[in-house]
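Okay, so chain A shows up in both of these, paired with chain B first and chain C after.
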Partner chain A sequence: MSTNTYDAIVIGSGISGGWAAKELTEKGLKTIMLERGKDIEHIKGYVNANKGPWEFPHRGGRTQKMIEDYPVLKRDYPLNETNLDYWTNEKESPYTEIKRFDWFRGYHMGGRSLMWGRQSYRWHDTDFEANAKDGIGTDWPIRYKDLAKWYSHAEQFAGISGNRDGVPILPDGDFMPAMDMNVVEKDVQKRFKEHYNEARHFIIGRTANITVPHNNRTNCQYRNKCWLGCPFGAYFSTQSATLPAAMATGNLTVRPFSIVTKIIYDKDTKKAKGVEILDAETNKTYEYFAKIVFVNASALNSAWVLMNSATDVWEGGLGSSSGELGHNVMDHHLGVGAGGRIEGFEDKYTFGRRANGIYIPRYRNLNGEKRDYIRGFGYQGGGSRSGWSRDIAELAIGGEFKDTLSEPGTWTFGMGGFGETLPYHENKITLDKTKKDKWGLPILAFDVECKENEHKMRIDMMNDAKEMLEAAGVKDVNAYTTDPVLGRGIHEMGTARMGRDPKSSVLNEWNQVWDAKNVFVTDGAAMASSACQNPSLTYMALTARAADYAVTELKKGNI
Partner chain B sequence: MNRRIAIRNMALILGSVAVLPSCLNDKKGKPVVELKTLKIDADQENLVSNLAETILPKTSTPGANELGINLFIFKMLDDCTNKEQQENFMGGLKDFDDAVNKKYSKSFNECTVTERTAFVTALEKQTKDEQAAMAKNAVDKKDKPKDAPKLNSFYQMVKGQTIFGYTTSQYFMTKQIVYELVPGRYNAMFPVKKTAAV
Partner chain C sequence: MNRRDALGRVGLLLGGTIIGAEFFISGCKPGSSVNTDDLFSKDTIAFLNEVGETILPETKTPGAKAANVGGFMAVMVRDCYTEADQKVFKEGVGKLDEACNKKFGKKFMEADAKQRTELLTGLDKEAKDYATKRGADATADKLKHKDDKNYKAPDVPNHYFTMMKQLTTLGFFTSEVGATKALRYLPVPGKYDGNYPYKKGDKAWALS
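For the complex of A and B:
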């Protein structure tokens, strides 16, 4: 047995890769986790996490140099001085935009689990049944009952704080105590309830920040510096949660700087034998072998790995026999919402910085309602009291003006929508072989856009936001919308979808590639629809479920 | 205040020497701050420093210059603005200087503190009136809002960076308001005192 042989290979170390490594190693499999980027060590690697705002030369802003170096990242909030190292170097890893797609990546240990938004919501049967009901895309091969216990498993380990709100469309889970709403949010919630009764709900966000100590992790300290990496391990990341659990088994090997270039496919057994990697530092090629391969490279890169694999059998790569590999790219469309001013509560403020907000779950196209579009959207937002950034007409300069800067300003409330995007076959990524990345590998080309259903939905997303805030007593409500560019949601999904039929899907009900039963894809690529909830919790549950199945089948000798 | 002392203070305030402009040249007519892209002379540098100090003067608490906010403004302008913004800034600076000369027959740097304050207060009012007029035009859709004059955009840039630099300075965040690196709790109904938490 070669030293390069393991029981299992996990490609990628982000949210789902970390989960795969944890589950497989805890079930006794000798596993290697391959990460294309550098290592970032828990706590020690979070170099900016304990700095005060004044310690950043540009106080967190962006320089012209950064804007030049990051032509994609600059399009939205992620480009900033405080965690620049966590975002992918765009000059080394470019991609082609046939249509604009904002791809915000993290190529390092832990992937985007270090920078994620942490909002964690279960799906509902409405979501799993939607494709079948609407005759769109492919039917999910699973229903809520198949995933319910795995949601619990994921929540219990990751640590999700929230209330059991009893909202029918948003199943309750196994939560830690919820974070508090502030005084303004409570007021808005009260008026909201008076106005909408049970038709719409206004709840505290369910977030992967622990509120009580858990597995040697300290509860959230209300710093709101999550995306720098948390020295307390208070939010779920690979580093804080799954990696230490996997390492504790003694079964995990981690290899950074390992770009998986292909899955090695055996035509005779119709299974994968292992993977080929390129060492990102030395440019040398290595092979690793295993009985099962978990592909968790993030939705678009997982598709990239499959497209580059078994091309001697299928020109379009492993899983392309369905004609769906790389197609049906989805994200959540956002950048639409409303905000305004809250009167009163001048004698109240908040203390501590809560890394969480409020959530309004989907309410459209439910209970028989039919809008001129299908599916729905939710909102995330919150109330806050501004600091100095306010206008005091009569005190615009001088000593008194200086003093007023330290007093709290007006209370504001704002929220933005997250809308479901439908799976369109023509929304696709392909290999652009005319261009290469730093390592001479082909890059991805994006041809993805929002269509009529999303555009129509956004009209409701804007108008409803204004209407609800006004009903809840918010003053001077200003509604906004923007060009719905996909990718901005950083919820890429759909490029190797699950389904019931190998002719129309890449994966079966257990996330196995139809054409290679020992290859499992359990990240965003597997999603057959996008719903409107933040998807990471579902990736965790799918991964744990698939890992359980994989080990059972392996023991039975079926794969 | 001696300029070298100002720079040393800034190092303390920013908590790092690495962010400092690398070279100091205190010869007459040359600026103290060496900038990579922005070209300014000593008079212009002093004008911006005096303007920042006029916006946030030293009282019983430190003013802009004592806190090194003037140097912060130059760092932000130099690193974070593009060529066009810098040209607007320089054009606005000249317009500002010309307007002061027209009114007082001397430069802003030569004006008394009272004169500086009076001039900037008038400018504030004028800016607000223009903004109100522009907003009205935009609502009435009579015509497109005109570009704000360079003088105003220069002034707003200096004011914005002065306030940003001040409210994110270590002095402000630790002495004027209660900033805790590790709050440890979230109190959603905290009664307001004179100094606010963030």
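For the complex of A and C:
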């Protein structure tokens, strides 16, 4: 046996790659996890996690140099001084925008599991059935019952805190004790309930922050600095959770600086033999061989790997026989919501910084309602007392000004929507062979946009937000909307979708590539629709389910 | 700041002015050839520290000078400001002194605390009036070009005193002195209480 031969190869070390590595190694497979970027060691690698704000020369802000170096990241909140190293170097890894697409990437061990927003929601049958009912895209080849036990499996291991709220559209899960709403959120919730009764719900967010000790991880310490990396391991990441579990089996090898350039396809067996990698540091090429390959490079890069593979058999790459590879790019459209002022509660404050907010699950186009668009949206938000950065109109400068700013200001409440995006065949990524990245590899070109359904939905997203906040007693409510740019949701999906028919989908019901049955894609690429819930929990469940199937089939000698 | 904080901030940002907030959200044009070295001279930093101290003076808690906001301002203007903003800020240093001279017949550094406060209170009003007019002009300009999809609104810089005040506030409350003395700094709360008692005079938390 060559030293480059394993039972399984996992491409990517983010949320789904980490899960694939954990599940496969725990089931006894010798596995290599290939990460294109550098290693970031758990705790030790979180170099800024314990710094005070004054230890950052620009106090966390952005310099002109950063703005120049990160022409994409600068478009939204991620460009900042505190975790700059976690975001992809855009000069080394550019991409082409036929239409604007904000692609916020993390090329390092753990991928975006280090910086993710951690909101974790199950899908409902309404979501899995939607494409079939609407005659849009391809029908999901699975239903809620197929994924339910895998959701539980994912929640139990990752550690998701939340309430069993009994909201019909948002299935309850196996949760740790929920975080608390603050006094203002509880007040808003009370009025909200009085106004909407059971028609709409206002719940505490379900988040992958543990609230009790779990698997040698310390419970959340309420620092709200998650995206720097948690020294307590209190939120789910590859480093805090799946990587140590996989390493403990003795079956995992991790190789950083390994850019997978292609999956090696064997025409005779119609299966993958392994992968070819480019060492990002030495530029040397290596081959790794395995019985199965899990593709978890993040939705768009997983499509890139497939598109760059087996082009001698299929011009469009491995898995392109349906003509859907790289198509149907989805995200959640956002940047629309409302905020306002809360009167009273001046004798109340918060202790601790809760890394979580409130959630209003989808309520539109349910129970027979028909808007002038299909599907729906949810909101995330929260209440807090304003701080020193507020404006004080009646004071100019001086001691009173300073002392006033040193005290908390009024309570405010704000929320923003996350809307479902439909799978449009013409929303696509392709290989742009005219341009190369630092390693001479072709880059991706984006031709993706929001369309009429999303535009119409956004009108409701703005107006509903204002209406609900006003109904809940929030004062001076200000609604806002922004350009509906995709990518900003950082929930890329759909480029290698699952389906029932190889003619219209890239993957089957077990996330297997129709054109190469020992290749599994279990990240956002697999999604046939986007729903409006934050998607990572679904990737975890899909990955665990596919890994279980893969190992079973492998043992049976079927793949 | 994470996405949830950003969502909240945007809502508030559009609802009213928030000092420093735009600094975290907005992107501006890169590239600068303005020489900012002189901002780092001992004299200029001392001058900016006194401006800062006048904006946020020592009370029961230390003031902006104790946090060296002068040095902070120089770093921020050098590294984070656009060329146009750097120019406005640099000229502002001179303008502030001129205004002082006109009002009291002496340079800012020679003015006493009362004179400094009076001067900067006036400049604060001037800056606020300027911002109001700037906002109204921008709205009118936007309306005028509402049919032109490719129209790019001109970048009208802030008033120099707005810059100084913003940088002073940001620099002070995120400094070690500001965060730990003027505010309450608690890096590891360990628990969450959303119904925590507050009485007037209690300091705000340094982190959000």
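Here, the second predicted complex is superposed on the first by the 554 of 559 C-alpha atoms of A that agree within 3 Å, B and C clash if a C-alpha of one lies under 4 Å from a C-alpha of the other, contacts with A are read in each partner's own complex, and residues count from 1 in each chain.
One rule holds for everything that comes next: contacts are C-beta pairs under 8 Å (C-beta built on N, C-alpha and C of every residue); 3 or more make two chains touch, one makes a residue touch a chain.
No experiment lies behind these values; they were computed from the predicted model shown.
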Combined model on chain A: chain C and chain B, fit or clash: clash
Contacts of A:Asn80 with chain B and chain C, given as first, second, both or neither: second
Which of chain B and chain C A:Pro408 touches, first, second, both or neither: both
Partner contacting more residues of chain A (chain B vs chain C): C
Doubly contacted residues of chain A, that is, touched by chain B and again by chain C: 50, 52-54, 57-59, 61-65, 179-183, 185-186, 221-223, 346-354, 387-388, 396-399, 401-403, 405-408
Contact set on chain A toward chain C in their complex: 50, 52-54, 57-65, 67-68, 74-77, 79-80, 117, 179-183, 185-186, 221-224, 226-227, 334-335, 337-340, 346-357, 380-382, 384-391, 396-399, 401-403, 405-408, 412, 414-416, 476, 478, 480, 482, 490
List of chain A residues in touch with chain B within their complex: 50, 52-55, 57-59, 61-65, 179-183, 185-186, 221-223, 346-354, 387-388, 393, 396-399, 401-403, 405-408
Residue ranges of chain C in contact with chain A within the complex: 1-12, 14-21, 23-25, 27-32, 54-57, 59-61, 63, 75-76, 79-82, 117, 120-121, 124-125, 165, 169-176, 179, 182-183, 185, 187-208
For the chain B and chain A complex, residues of the former touching the latter: 13-16, 18-19, 37, 54-57, 59, 61, 63, 75-76, 79-82, 117, 120-121, 124, 128, 159, 163-170, 172-174, 176-177, 179-192, 194-198
